[in-house]
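Below you'll find the structures, each written out as structure tokens.
Shared chain: chain A. Partners: chain B in the first complex, chain C in the second.
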Partner chain A sequence: MLHFIGRRVVLMLLSLWVIATLTFVLMKSIPGDPFTSEKKYPPQTIANLKAQYGLDKSIPEQYVTYLKNLVTFDLGFSINNTSRTVNDMLSDGFPISAELGGYSVFLALCAGVLMGSVAALWQGRLPDYAMMILAVIGISVPSFVLAPFLQKYLGLEWRLLPLAGWGKPEQIILPASALALGQVALIARLMRSSMLDVVTQDYIRTARAKGLPPWRVVSRHTIRNAIIPVVTIMGPAIAAVLTGSFVIEKIFSIPGMGKYFVESITNRDYPVIMGTTIFYASFLILMNLIVDLMYGWIDPRIKVSGREGS
Partner chain B sequence: MSKSLIKWLGICMALMLVLLTACTGNESSDAGKGNSNLAKEQVLNVGSMSSEPPGLDPLKAQDSASGLVLSQMMEGLATTDTEGKVLPGIAEKWEANEDSSEFTFHLRDAKWSNGDPVTAMDFEYAWKRMLDPKNAAIYAYQLYYLKNGEKYNQGKAKVDDVGVKAVDDKTLKVTLEKPTPYFPSLTAFYALLPVNKKVAEKDKNWAGEASTYVSNGAFKMKEWKHNSKIVLEKNDQYYKKKKVKITQINFPFVADSKTGYQQFESGELDEGNGNIVPSDLTKSLLDKKEAKADPNPASYGIDFNTKEKPFTNAKVRRAFALAIDRKSIVENVTQGGQEPADGWVPWGMPDFSSDKEWVKNHDQYLKPTAEPSKAKKLLKEGLKEEGLDNMPTVTFSYNTDDGHKKIAEALQQMWKKNLGVDVKLANMEWKVFLEKKKSGDYDFARTGWLPDYIDPMTFMDMYMTGSGQNDAKYSNKKFDKLIKKAKSSNDQDQRMKAMHQAEDIMMEDMPVAPLYWYTRVYMEKDYVKNVKRSIDGNVYYTEAYLTEH
Partner chain C sequence: MSTPILEIKDLHVSFKTYAGEVQAVRGVNLQLEKGETLAIVGESGSGKSVTAQSMMRLIPSPPGKIKKGEILFDGKDLTKISDKEMYQIRGSEIGMIFQDPMTSLNPTMTVGKQIMEGLMWHQRLNKNEAQHRAIEMLRLVGIPTPEKRVKQFPHQFSGGMRQRAMIAISLACNPKILIADEPTTALDVTIQAQILELMRDLQIKTETAIILITHDLGVVAETAQRVAVMYGGKIVETGKVEEVFYRSRHPYTWGLMGSMPRLDIERDEELSPIPGSPPDLFDPPKGCPFADRCPHAMHICHDEMPEVTEVIPGSHQVACWLEHSEAPSVGRGTMQVNIASK
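The block that comes next holds the complex of A and B.
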């Protein structure tokens, strides 16, 4: 087990280095720089600015500084938000995105597993059709359509919930629901098909033949076996949701970190591009590691091991 | 098999429903009639900012969001009224020497929000700090008017050589490179605002947090919740504090215009600019008078690459310009109250040699509707002059944006219909677009220009030969000569005459085809009174107030 984790950590650092280097190369190869603007400033001003951010040095020199900054976790000030450091931006934004994402993942997981199970247990009957129609709607209605719709009715017409903002508990409900919907649909469909596979297995028949109460068969044997594919997709899904959604955070004026992913690139805000990319990459890799460890816990047949074939 | 499961599911669902409905904040708002009594709560909610202002240190401020907050918090030597007329600010009065190359400003007894007096030293410090090459300020060039300002910024002169000196606490002496009679009006701009020397020297990042921010204007910063909102409150140290009725201004950052609009409808916002007017609702809101549109002295147009065939030919460029139905574009495409442009200098720009505005003082260069037969004739002649039998394939570029896309598609159709030319469209990301235009790697492309200052010159000198702003790569010696003449003269009649002549030439050569002049759309509840909106786009809440509602 420890050996497995050790090996994964080494691999993780290696992938991070590759990602960091690729990001650097891509970042430098898009046309324009942080100071490209419609108004043309005097060349001296631009030269002063480049010197201030170390962009007057050669590309290899910049690459070395950049790696050094990464290792010391100090990416310096954002070029666009002049008074804020990248670390400030991420440490303020991430907890908010993560909170919103956490609620939405929880909601998606509960509702998705529930809907999928119901659909599978009543396969071919009304609940199945109802759930799957909901799932198709969930997959095909993008969150940026659903969100204004929720705002208009629940927020403006009926005045049940606040339209936007962050800080009060009731302000989480609309964005979390809008964010969860697509995931609910995905999980429900996955859960349904995997449940259908499991219910026809011999061990389920055995369990029933032994006289186990039906709810125990479902909860202990069916769901536990059927949830493996769901767990597989949850790793990347959690990483994606917890690091913020550009669209949902924009619509609901939530001060998360979702927008930095997009805006840092349009602004060519180099320190922020590096910060967000590396942060997201490490988080994603970590989530995948956790998922791999979870397999062993959910299904003891899956052995986590460092050495192949042993 | 599943009776108990159903029960379990039922409980779960019921719980979720309860959770969802339990947290409902019910706020009733009754829309009262317009009442002239002052409202008890003078708290204004403004939805004009879409995101965090990039920098509130005058050194770093360079955008409209920062400008909006600074306009409420800071005051320079002079201020301007809504028409751009200069009024005394922190400087009570000033005098110039004979040729307006030296100014002496006399400061009034004003205080910073922390109680420190505002001294001449704070101005000297702020301006020198702006010019310090190490600080790399974007707007340093706004201080190139000062003697040795440019040289110091380029590292070619010493800081003591810069022409600004605090004679004593209340007297600031300014020496300029050359006579500049309008210099006091420049001191209202945010690059020339003072900075509290004591505070800024102690903490380099003083402008980054509400707790360290010190201002000298009508309001001071109460809270800056990063990425979420800025809250200003009345500054009790302000010398005109009796005139300030608003006690608090909330600037929540509203990134999505539809959200902002709904917040305005629900009463969470009292006012806001175009940031809370969704583009697809603009027309109906303007028709219903819910939104208002002020002229904005800015122009939208098409840059032709005059170094790329067939747009090397003025007749071909004119043909493309004449084939455009401008009226139809503003009425059917942009729908925000814009005005079809008949010249490059936009509406709202003053003509300092007359009482009328600039655009009323010249011939109509372009008709609002298309002139197909004239356009076709010009195109034929132009192509012949260039030795071309057929119109080569040309591509119209624009930066990726729904609004620009709609305009480009309308233009494409007009050129097909009125000129018989098939034009390809290409869209690209903003900075890629800027790089391509700058390097001359395009046929023709959209352009938009907002004024740097309120004078027609800001729309003219950009098309001088070799200007960094001249993406059309246009070059005409006669035009250059007239602009230089206007620049070197201090006589307004002569300046304006030369610039009118220059615009005549420019509209004949058509390196840029004007399409329309912009508007500034905003929404404001009827109980919000006395907000000042100046022609250069600044909004001041200094003397605003709310009536009962």
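The block that comes next holds the complex of A and C.
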């Protein structure tokens, strides 16, 4: 178990270094810099500013400083908003994004598993067709198209839920649903096919031969085994929700990371771009590690969890 | 003859497929006595598993359906009772084990829980009692250190141990009948012998009646008291093991014996599998199902299904026109000569 996690942490650091380097290279190859703007500043001011952010040094030197700072978790100051460090922005915005993302992933998982199971159990009948249609819609309609729709009907016309904003529990429902729908569809489809595969397995026949009634067979044997492939796509699902949330936050005026991220790119705010990229990369890698550990727990045949083997 | 514990009368089972209706079982009659082992033999596709699964009402449905017939158990017709009543009987009164122990256990549940499940459902035991009993069952089926093993998952068991665990699951509630569908086919030869011995021991201890489906006539000879020979969805011959093995009356049984390896006689020639192929169950013949392959087939065999003849009343029965008083007398030896000369 410890051995497994240790190896994974080393791999994690390695991937982070690659990501950090790539971000750095990309950043440097974009034309322009944070001080490119319509207003003309005196050259001396620009030079001073560049010196303050270390942009006057040679590129290899900048790279080394950048890595050094990363290792000490010092992501530096924002260039556009000089009073704030990138760490400040992350601690302001990320909890909100994480909450929205967490609800979306949870919603996607519950709804997807439920819908997929229902479709499989009623295969070829009405619930199955209804689910398939919903899945096609969910996969083909992007969340930023769905979001205004939800706002228009549920928010404006029927006044069921608040249009936008953040802070009240009911304000989370629309953005979380918009964000989750695509994943609900993916998970539901995977769950359906996985269930259809599991119900033909010999051990399901064994469970039935024990005299368990159908609902007990389904709840204790079928779903438990069918959910294993779903767990494996949770990593990518979390990634999709996190990146999707940048746009959704904008649409629903949610003060999460999305705002900072989008602004930082239009302003070429190097420290913020690199800081948030690295932060999100580490977060996703960590989530993947957790998903892998979960996988070992849910499927005892996988030996990551350190259960004693035979 | 005492009243049988299970009696199947004129069972018909069909599967609806795109190509048409497969008539897998076409009028099977069987009796199972208390505490005996009845073997069902016959070549692949003859309807053995379908017959066994009908007794548990485990036929995949759709496409499968019991079209006709009765399965009498404990005064009830299992083909007619409600699903709820059937859940009470399955696992509790009739247990079943399957061919492949590698795939028959749930990989995500501990072996102990899989044994406990039936006990908690049927006998309303609490967790502790059930676990206690699960450990006891594992010990009974010869699994060492059962206290440790109950907490393990199937992948931590070897193939033979998994089949032992399957037996523990199926016998946990003390069923009156155990149906074993090729329980040793997927195992190594040495393990096969151990599992069969275990089943024999347990049968003596528990007085469970066993229906044993197998391809292996050696297994039948060692384990069963009675045999039913199936062909083309019908039972063509039944009787005590000695009757069917040494005084068999049906040409298909002769062929089956001829196609088995034997240790007691030296033979130079190859084993003689029965030439030809089994009948088309989409459109089964109206006469004897074996007529196309039978070296003794007469005109009537193709036109009309032979009646069951009681060779020894209440014990040895055979469905063959050769039993008719006007039929020529042929013997088992002729059959073997015929096959060998082909």
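Going forward, the second predicted complex is superposed on the first by the 292 of 310 C-alpha atoms of A that agree within 3 Å, B and C clash if a C-alpha of one lies under 4 Å from a C-alpha of the other, contacts with A are read in each partner's own complex, and residues count from 1 in each chain.
Here is the rule we use: a contact is a pair of C-beta atoms (placed from the backbone, for glycine too) under 8 Å apart; a residue touches a chain by one contact, two chains touch by 3 or more.
Because the structure is a prediction, the values reported are computed rather than measured.
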item	value
Superposed partners chain B and chain C on chain A - clash or fit	fit
Contacts of A:Glu170 with chain B and chain C, given as first, second, both or neither	first
Touching partner for A:Thr45 - first (chain B), second (chain C), both, neither	first
First, second, both or neither for A:Val118, with chain B first and chain C second	first
Arrangement angle, chain B at one end, chain C at the other, chain A at the vertex (C-alpha, nearest 10°)	160
Which partner reaches more residues of chain A (counting touched residues only), chain B or chain C	B
Partner chain in contact with A:Pro300 - chain B first, chain C second, else both or neither	second
First, second, both or neither for A:Pro213, with chain B first and chain C second	both
Smallest separation of CA atoms, chain C relative to chain B, angstrom	9
Intersection of the chain A residues that touch chain B with those that touch chain C	208, 213
Footprint of chain B on chain A - complex, ascending	30-33, 36-42, 44-45, 48-49, 51-52, 80-84, 88-89, 92-93, 110-111, 114, 118, 121, 148, 151-152, 155-156, 159-170, 173, 208, 213-215, 217-218, 249-253, 255-256, 259, 263, 266, 268
Touching residues (chain side chain B, partner chain A) in the complex	1-5, 8-9, 12-13, 16, 20-21, 23-28, 51-52, 54-57, 60, 133-138, 140-141, 150, 153-154, 205, 207-209, 225-228, 252-256, 258-259, 262-263, 265-266, 268, 429-432, 434-436, 438, 448, 452, 467-469
Residue ranges of chain A in contact with chain C within the complex	201-203, 205-213, 216, 220-221, 224-225, 228, 298-301, 307, 309-310
Residues of chain C defined as touching chain A within the complex	56, 58, 83-84, 86-92, 95-96, 98, 100, 103-109, 114, 117-118, 121-122, 152-153, 155-158, 166, 169-170
